[in-house]
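Structure provided below as structure tokens; questions to follow.
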Amino acid sequence: MKTFSKLVWPYMAWITVFIVAPMLLILLYAFTKEGNSVLTLQFTLNNFTRFFSDSIFPSVMARSLKIALMTTLLCILFGYPAAYCISKLNDKQQALAILLVTLPMWINMLIRTYAWRGILSYFDFDSEIKVLIGMVYNFIPFMILQIHTSLSKMDQSLIAAAEDLGANKTQTFMRVIFPLSIPGVIAGITLVFLPAVSSFFIPKLLGGGDYVLIGNLIENYFVSTGDWNFGSAISLIMAVLIIFSMFLTKRIDHQIGEEKE
Amino acid sequence: MKALKRKIGNGYILLMMLFFYLPIFYVMIFSFNESKSLTRFTGFSLVWYEKMFASRPIMEAVYYTIVIALIATAVSTVFGTITAIGLSKSRKILREVVLQINDIPMLNPEIVTAIGFMLLFTSMNIEKGFMTLLIAHIVFCIPYVILSVMPKLRQLDDNIAEAALDLGATPFQALTKVIIPQIMPGVVSGALIAFTMSFDDFIISFFTTGPGVNNIAIYVYSSIKRINPSINALSTIIVVVVTTVLVLVNVIPVIRDRKKGKNEKIS
Amino acid sequence: MKKLVKILAAGILLISTGCSSNEGSSDVDPIETYGCDVINVYNWGEYIGEDVVSNFEKTYNVRVNYSMFDSNEEMYTTLLGGNAYDILVPSDYMIERLIQEDLLQPLDKSKITILDDLAEGVLNKPYDPDNTYSIPYFWGSVGILYDTTKVDPAKVEEMGWDILKDTEYAGEIFMYDSERDSFMVALKALGYSMNTEDDAEIEEAYQWLLELHQTMDPAYVTDEVNDAMINAEKSLAVVYSGAAAYIIAENPDMAYFEPLQGTNLWNDAMVIPANAKCPALAHEFINFALSYDSMMDSSLTVGYTSAVQSVVDELGSEGGDFYGNEAYTPRTGYEKDEVFTHNEVLKKKLSELWIKIKVS
């Protein structure tokens, strides 16, 4: 049987070249000066001090975080009731509803965002509102599906027990159903928050030229300005930020889990 | 009281569906518009469909999207499955490390993965084009295949493969005749995920492709500056194809089961 | 699953046969003549006639991979990213930069047959003194496009660039989303050279644009401006002369004005990069794209002023499509108009300031 373990070797070489090396390159670019050839590397922290010494860049970051948080909250706010209502349907209707929620996800995200341009042109909304609509539209299916899974996996006897013990509907929901569905909500948060922070074509398509998020900043430094070192530094900052917030949500998840015990 | 609640619930679901399908219907309606306008419907026409089929950039984008998705799916399914089998027989440390690295493309913001590829190809002096696009797609598809095959391998009874080897099967036979058939559902669902990931990708493709090789998403992105209702026509076709395939996939098993049920009843 | 694969395979077959059907209409063997049968052309978006590329393919029995860029800077970075093209169409200052960095190859003038057709005024410019590397394609100016039903022409002429800061038109303005063009507007409005390296002047221009951003609520656009202004979505727009000519031809309510404070006189020219794989065919492409027939098609489709004199004469004179269209014949010889020069440090500074303006 051990012979099979050799089957991993090609993939180890593959990920070294195509996953590890690119990440190392970003790291390398972020910590070096611009315009250097590979042989004359000059290490520097300038790219990072440049990012934090100017209020502009942190404010773009803050704006990205804000819109990602708002998107996540709206997705929970609208997605939870939807998932809950779906879970109350009979099996056949549930399957249909889930199919209908999934179907748009098979259509390219760019095309779906493009579709909103026509509709939103009727309204005189702020860029931010338009971007928010686009983000919620694109990401809410993930939230609904995650919450729905956790709701439908729930042990129905717990709910029955709560009702037998005299809890009313609200109490049952608040004390039993909602806490048990939290893992689904958290899984949904990671699936919504993560792409929302780094998204760059939703703001570009719906927000117009002056609605800049951190993803647009990265694109700008790689595509038009051509400052790959600074672009890499921004990417690195964003990646760290995201890893940190993922870590945070995991901690919250754990804590809730412990409280339950 | 309960009936009212149910009504509110159903009404809410309906409202949600309206939100989901509003832009899709909007695009479909305006794909039949006679004029170029995206806000005024001036009359029914198929002109944008004609233009779409006559447009070489669009047809090429469709072609590349499908070809890349098919090859990337095939390669990543085979590669991913083999790797997953290998991983399940490896030492724990090695397995953990590989799986951690394997997670990176799924956890990283797409744009970071994308520029990583771009820096890699540039620093290796590889000219960007079809091959770089394909490699990038294979790289981000494999993790999903591994992720969906691993659980099936964990459920697998090691003894069966051992027994096959004891009975004189070569390792290759044990692999193809014993292990793979048992993990097939995981392999298939991995392949499906890989296909959709590749078919839908924009950001990574945008940074890894070269002159003359565009997929649908890149084409749409590069032509948003001008009103181009051919994109509506293309979107409509994609929506129709996807819906048909999904409905078939979901309905055929149901019909088959029913028929089976009937046949069994008769016999 | 099997069915899905079958359907997809059928689809691919269909498309791939569709793709190859437009080849083989000429019996020239391009490989024998030019050593290759594919060229990569990288041009501005909306910058060529609808049939020029396909006609070239038919005539020479070759394939053209046609890609488009949005700004000189985008083109430059793509080039750095290792993509090899055979034809690029950068602007003056970018050509200057590409020459300085040895990224272009000298043209084989013996192979360029259309040199004599070019307008006098577009040749031998400072960015490429003897046209060693570049053959002019389109040229023009930058100016203000305005809706004559909403804005008084006398006011535009009197205020020039400063009308962009007249709060009467707040929310009614399209600015061009590029650091160079925006800073050009600001520097000219303030009476400075658009090639200034003076930090104080740049800072003043930055403040000018910042104030515009904060008080006027402008929309920053590039090629979107064409459809938007044809539909008269806003009253004022900073546009390139050719875009203006196109818009005016579609919507006669619009008018174009080059402010007396001066503007950017630009040239976009065809060049062949040093790493081009098919330079022989690239020379033929230049000849073909600048031939009278192709140039008529292109100039008529996009509205830009051709470098080929006979085309401008034909379209701009009585009976021509752009007769009386002030944007088709940009101002020349005005002392306050300038051409951009390449300056790496300045470019970096402006691009950073431009992001700051948009974000604030």
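Order of writing sets the labels: A, B and C. Residues in every chain begin at 1.
The working rule: a residue touches a chain if its C-beta (ideal position, glycine included) is under 8 Å from a C-beta of that chain, and two chains touch if they have at least 3 such contacts.
Keep in mind that what you see is a predicted model, and the values were worked out from it rather than measured.
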item	value
Distance-maximising chain from subunit A - centres being C-alpha averages	C
Contact-richer chain pair (by C-beta pairs counted) among B-C and A-B	A-B
Intercentroid distance (Cα basis), subunit C paired with subunit B, Å	37
Distance between the centres, which are taken as Cα means, of subunit B and subunit A, whole angstrom	18
Multi-partner residues of subunit A (at least 2 other chains)	222
Multi-partner residues of subunit B (at least 2 other chains)	118
Shared interface positions of subunit C, touching two or more other chains	70, 80, 222
Subunit A to subunit B touching residues, read off their complex	1-12, 14-15, 17-23, 25-26, 29, 38, 78, 81-82, 84-86, 88-89, 95, 97, 99-104, 106-112, 114-119, 121-122, 137, 141, 194-195, 197-198, 200-201, 205, 215, 218-219, 222, 228, 231-232, 235, 238-239, 242-243, 246
Subunit C - residues contacting subunit A, complex	70-71, 73-74, 76-78, 80, 177, 213, 219-222, 348, 351, 355-356, 358-360
Interfacial residue positions of subunit A with respect to subunit C in the complex	54, 56, 59-60, 208-210, 212, 217, 220, 222-227
Contacting residues of subunit B [partner subunit C, same complex]	53, 56-57, 59-60, 62-63, 66-67, 70, 118, 121-122, 125-128, 188, 191-192, 210-213, 222, 225-227, 245, 248-249
Contact set on subunit C toward subunit B in their complex	1, 3-5, 7-8, 11-12, 15-16, 18-19, 22, 38, 40, 42, 45-46, 54, 65-68, 70, 80-85, 222-224, 226-227
